[in-house]
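Just so it is clear, A, B, C, D, E and F label the chains in written order, and each chain counts residues from 1 on its own.
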């Protein structure tokens, strides 16, 4: 299977984990998902590979995906995660979950100061909605 | 209030955001939460401050905490987050959520290869359970 | 037990899955839950039985309920789910989770155009609040 | 509308909050939901009314339901919630969310000691599966 | 912008909702997400377009994504969703969330009968792991 | 280890469950988490110990933390939880999850009557933002 071959050659390993095997009967989804993983996690970017994996583990833990916590913690270790970094990652995941719950339970309104930094003008090109002539 | 003063001097800013004000009537919780934030997010560690904020934003988005997404995206920008890094963070949060959902919907069993890297022996000191004499 | 008998006769099967057995000690909850399932999932309505199960599986996956993903995927298969339909269901669950996460991470404001279609006037009968004389 | 009348007389108040109005176009769901609320939250039981509301607020916060956090915090106040009790409720919601996230991120296996207390034999009446003769 | 043009021509409408505008600064993510939406939601498949939207709304509600609940409820209405179908969708989302919570709170073990139907042999092509010769 | 000793003496039991062992390699997190548990769950307060555990179980179920559902259900039993109280707890967790999902799926706006009771003036001491002179 072409995707499996690409997984193996990209990772330089014969091991194809069950996640990908489980998608084998759904070729379009397999193709699309692997292609996204390559673009987002493997192509060089502004974040280094280990940082990307830390973010992936954090999201997987918050989403309570046992499979993904396991596979991406393993991936992070393979990319050099130290015990100290792991301890700090876990501590942040726990603390953020706590303050998330506090903010939600108290229904704290967003400070106007934060609204601004969230959405830079360029991201919502309102001008685009007007002069198009198609 | 002592905690508010510490927030201001630690951050070198007069601005105390609503999250902390909302805890003002619950002094023990306010004290404990701020103390944790200082230890986890501000004390120097193995992860740099910006990486910590990226993880915080990722967890907050996965937990759907609007307040925390706003406040920690602002904090990340204040620590130098570039548009390109932000774009990559968002892409990972989205992609991880997708593969989390796929793994969950398909109930994919964890590969034995991953079990090992998740729990290093040292983390579960079983020997401790035996020889204690207290 | 009356509810177990009704489950068996309604489903034309002697098999009573563990979910219902686990509620056996809580008769009111068992009765209420089964009665709701019958009304919502079994009584003929505007959605066909298979479509109902697809929605049930989708919610269960998003809520990360392993038991319910298993039991309702089995129910969907029993109602004729094909491999192709299953593949599309899984793909939608994954994609929706991704765009959910993106919209949340970016804190995208709801378009005014969507507000309207969400809440048809009839659903909030404000007039009702005025002239009641009870 | 009969259900609205029952809500008013049960609560001894003319106020019918938007949640119920929003279900007005779906009579079966309105009827079923109100009937469940009456059975679970209003009928006397082993837990007192305030404790029930605390649990309801806790679940609503963990599920991130802004409407329900608001409405059930109001209900708890109406049932006598003190500021001190509220502070403790919030603290537990936050702390539980933190340890939930830690246990999930670390994928900690359940102690065998806990398995037992979770599922008392009576709750899974296995004997029922054998001798039924219906 | 090419993607915006494709959105407009595919939907035969000048309206481009904010979700897509919010991704305008992240071209790779915009391109990838729209391409996935087209493949999954628009290309003809085994599920009809309205059923797909029902599943999308269900996942978005379970994931508590306000934006996506709004936009996909609107999309479902545009594809012919009737009030009766909507009422049934809402009822299933509510009921599934209840039984999800019950199964989770009670930690009900999956019936062996369900394990089988979840993972058909073909989906995990174990044979593939052996004879590859790359 | 000092924290383990304190766990044992506080609980008057030699048993230290895996959650704490799993944090053994992360002393600061172990210390901080146990200290929080003592303050929130063990120190006498306005809520009795059993009520606190009920809230903890409710949050853990809503957050889908299998470990914490198990450990805190066991803790609640140790503190005297009766079968009838447990049945009511489970029923509330299920019902709240249903109405949470309904309110979210219908995007019901918060009644102005509830806004008030959520945020008592004292909790947001606005006056504090003005006259500080540090």
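Methods note: a residue touches a chain if its C-beta (ideal position, glycine included) is under 8 Å from a C-beta of that chain, and two chains touch if they have at least 3 such contacts.
What you are looking at is a predicted structure, and each value in this text was computed from that prediction instead of being measured.
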item: Chain D and chain A - chains in contact with each; value: B, C, E, F
item: Between C-E and C-F, the pair joined by more C-beta contacts; value: C-E
item: Interface sides of chain B and chain F: same vs different residues, half threshold; value: same
item: Furthest chain, CA centroid comparison against chain C; value: B
item: Gap in Å, rounded to a whole number, between the CA centres of chain D and chain C; value: 18
item: Centre-to-centre distance between chain F and chain A (centres being mean Cα positions), rounded to whole Å; value: 28
item: Junction residues of chain C - those touching two or more other chains; value: 18, 22, 25, 28-29, 33, 36, 59, 61-66, 69-70, 83, 87, 89-91, 93-102, 104, 106-107, 118-120, 123
item: Residues of chain E that touch chain F when the two form their complex; value: 57, 61-62, 64, 66, 69-70, 89-90, 93-102, 104-107
item: Contacting residues of chain E [partner chain A, same complex]; value: 1, 4-5, 8-9, 14, 16, 18, 21-22, 24-25, 28, 32, 36, 39, 119, 122-126, 128-129, 132, 134
item: For the chain F and chain C complex, residues of the former touching the latter; value: 64, 83, 87, 90-91, 94, 101, 106-107
item: Chain D - residues contacting chain E, complex; value: 25-26, 28-29, 33, 59, 63-65, 118-119, 123
item: Chain B contact footprint on chain A (complex, rising order); value: 15, 17-19, 22-23, 29, 33, 36-37, 40-41, 45-47, 51-52, 54-56, 58-63, 65-74, 77-78, 82-85, 87-89, 91-93, 95-104, 106, 108-111, 113-115, 117-118, 120
